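Okay, structure first, notes after.
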């Protein structure tokens, strides 16, 4: 597969590594494009198809709305927004702010949370998730048994806590990929 | 599934969330245990079986020695060691230091790299990978086109670079999970 | 003047110090309210009328569109957005993102800049202003003659540079006041 | 107005932007020079007369000894010294250390406070102001209702607290201007 | 004395300043070599014989096993390991990890402590020493009377505490010397 | 030896560990007191006589004006002032600012350097020493061969460089001891 790589963040390229030639995409990558609305992020990952496959599969499972999930999808989107804002991944922040707005059917509140979650109205359970996500992101070595006790006090059991931790940690992976690639936020995110 | 959770890092528990009751493990989780030598990390993740499944599948693919991989397995282990040391995930550091030693058939050199990669003898390509992994970990917002040019100068093409980035970012996910859970390094790592 | 102080950020209060009783406002403070559209920030400052007066006068002069100003109003709003995002003052960020959108008649571009100015299309002169504003905010002790030379190369003379520096520094003042007070962003900012 | 700009911090220039030609000063700027003893800082700001005007007016009001002020002038000078030392603005630190010494009629104590306020004898009210000023300077996002409660316990009402916050924040503005300009401390500060 | 200085960390040189010509060593420096097993660190310091003498004498006294010492030698080695790991001085970390292993006759436990002392089994007294050593290293300005009270509660008297502080601080000296010189860890450290 | 320990930094005690009973001092410690003018720092160290002995001997050798020294005493005092200001050890800063003033027979210039060495007139050799001392203090892991080349370009040979490094590192030891102990600056430092 040839890659039309360009490096300038000020160019028309969607990322520092460009994107693959669409005509020569493997069939399953084409399906990943469709499932993800041809978004810039999946096109940027397709420069290495195995990366796109692994990443797409993990993300689809972690954010599925079906059986197996422990936190509500709105709670997982809340963590996504807060970690992405903390790390300064604008692409991830706006993607998940809109997704959170859809889940809670309140885009204004979602934007308030993205702007500064300390000033947004959060439930005690949401506050516990937000505080944990920030700590795992910024200073994981300071996480202690007390943090787990706070989450239990907010009603989470052990499997819930592990999913909250996994979701928080996951965005430290995705944020670094998209920040480093310099993937540009899609125009559609600014159309509303 | 019931979880025998204990919180004290000084207890006999392998993690702050304990581990699931082995008798009631789903069959595929039992296979994950086997594939990963019953290591503490997979037992700690099994508190939430879906987390263990997603994590295990991604890790197995990213560290496969088969077709599709772009970097050598030794290079991926090098990145694993350097990012884990940078983040202070002792469990991950020692796990991958031993794996790196096996890949390069030189455990002394692997331990030198884990101890301080600045003082270890690295090839220019290894140095480029190490510098990139550290930057992605510590300050991803400062990654620029220059970093990609350095990797190209060291012989990597775009798909290779994305795999190097993915591997570096991935350990910012795994390190945070195991640091936050407080998973104890297995005794076997200290037996040699 | 009596102050209806409340402390909870989760309460109906607009700030940690509340706001003054509107019936007993001095006349000139009432005019400041009007001139600033009754926004939360001016009501929060009015707890100490002299603070509101000083702050209002400086801000009105620095952001005047009349004679005396060196940078365009759009450039001053650009600096306001970038410094406020850097410091994490959500109230200031959204206030000036909307003002920037009005100045450049392109709200989508303004939101792109607020989200991550590294990925937004900026002119070389805007990039020089943005880089300077970030450095003055984060690490002023590292500012050197080279930074002034970059601004001159982008077309600024000495009086322009001092205005750019003053504007960048000013938001390190205003951001700290509104962050510390916990002033909530007005509902109108989320209505569009 | 022509500006005799020089860039070397090691030159005879008082700042990286030089100072305006004294013969062509507007009349009101000449008065600002007089009111501020021809100090380097006002001459450096006069490169942009509007900056000098705005800055001079705010500073004169905030540090007035007349009606309207809530904290004693000594308390405002204490905050000025502590914030300036924290930010490493030597010019501001020595200027306000001497001013504090004059207010409390004890230059040795003022220099002790500037050197390390943790080891200087402070009253509980002064300690509360010092701790708040340091927090607002270093980590404003961590300010919480508890900090306001501590100030109230030290005897401050809401208007007093806002003045303490305004004074602390203000020096994050002035410090950045003078650090970035590289304004040299006047010889007179070292003559005693 | 002539010095065979080379600068490349990738060369055969043991440090960025090389080492002195062995034939022309002063007699007492030759004895220092012998007392310290010809280790790289003493050879690197001998580039300035007075540095080697001062350093050797202080170190020999601080780590003597004889009369005068307040903490056990194992406790002093514990502090050495923890501070060196904190600062990232690989040479110092491995040197003292082996020495600690010998003192406690348990190399596996010593390596567990070096890898991540939060996950190693420490006694309450050891935990108090470890926490103090980390704080003195990272943020000495935050040390307060509370830290001294914790050490007293763990059974240390004032002279013991000062020795713990001295040992912790000392490795902030030695770590900086060996990190800056880039002294390579001796091969023998990796032979086991 | 009994110790009159008091903990309050606001008490009459000279340090958080107090000082030993003067009547029961060993003879050689009494001589150390005399040699160091009964300064607070030596009295604070005497709580553990072996600490006082080791520390006093190293310091006397490193700051001797006799044979063996490579840098001038003024250059060593310059490093002492800059590192102590960087670490925020007020006691060490003022002690060595006065000593530097005596060595260069210019107390005003010494105070200018202590206040902000970036704005003080330094020779290129002094600037090279200052930059190196700051880097060794703040971020030793970033020291590279380039830093050694800069020092050589400023006229230092290898033994000189090691003495500059040793002096810079030493104050990271002494600063931590006196900061952690909270030793109060002697009154005499403020009498001039």
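Note that the chains are named A, B, C, D, E and F in the order they appear, and that numbering of residues resets to 1 at the start of each chain.
One rule holds in what follows: a residue touches a chain if its C-beta (ideal position, glycine included) is under 8 Å from a C-beta of that chain, and two chains touch if they have at least 3 such contacts.
Not measured: the values here are computed from a predicted model.
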| item | value |
| --- | --- |
| Shared interface partners, meaning chains that touch chain C and chain F | D |
| Far-end chain from chain D, centres as C-alpha averages | B |
| Farthest chain relative to chain A (centres taken as mean CA coordinates) | F |
| Chain centre separation in whole Å, for chain C relative to chain B (CA means) | 43 |
| For chain A paired with chain F, centre-to-centre distance based on mean C-alpha positions, whole Å | 50 |
| Computed distance of Cα centres, chain D from chain C, in Å | 21 |
| Residues of chain B whose C-beta touches two or more other chains | 9, 88, 118, 141, 182 |
| Topology of the chain contact graph, where touching chains are joined (line, ring, star, complete, other) | ring |
| Successive chains along the ring, chain D then chain F then the rest | D, F, E, B, A, C |
| Chain E partner contacts - residues on chain B that touch it in the complex | 9-10, 88-91, 93-94, 107-108, 111-112, 115-116, 118-119, 121-122, 182, 184-185, 187, 190-191 |
| List of chain C residues in touch with chain D within their complex | 1, 3, 5, 7-9, 16-18, 45, 47-48, 50-51, 53-55, 57-58, 61-62, 68-70, 87-88, 136-137, 140-141, 143, 145, 147-149, 157-159, 161-163, 165-166, 168-170, 172-177, 179-182 |
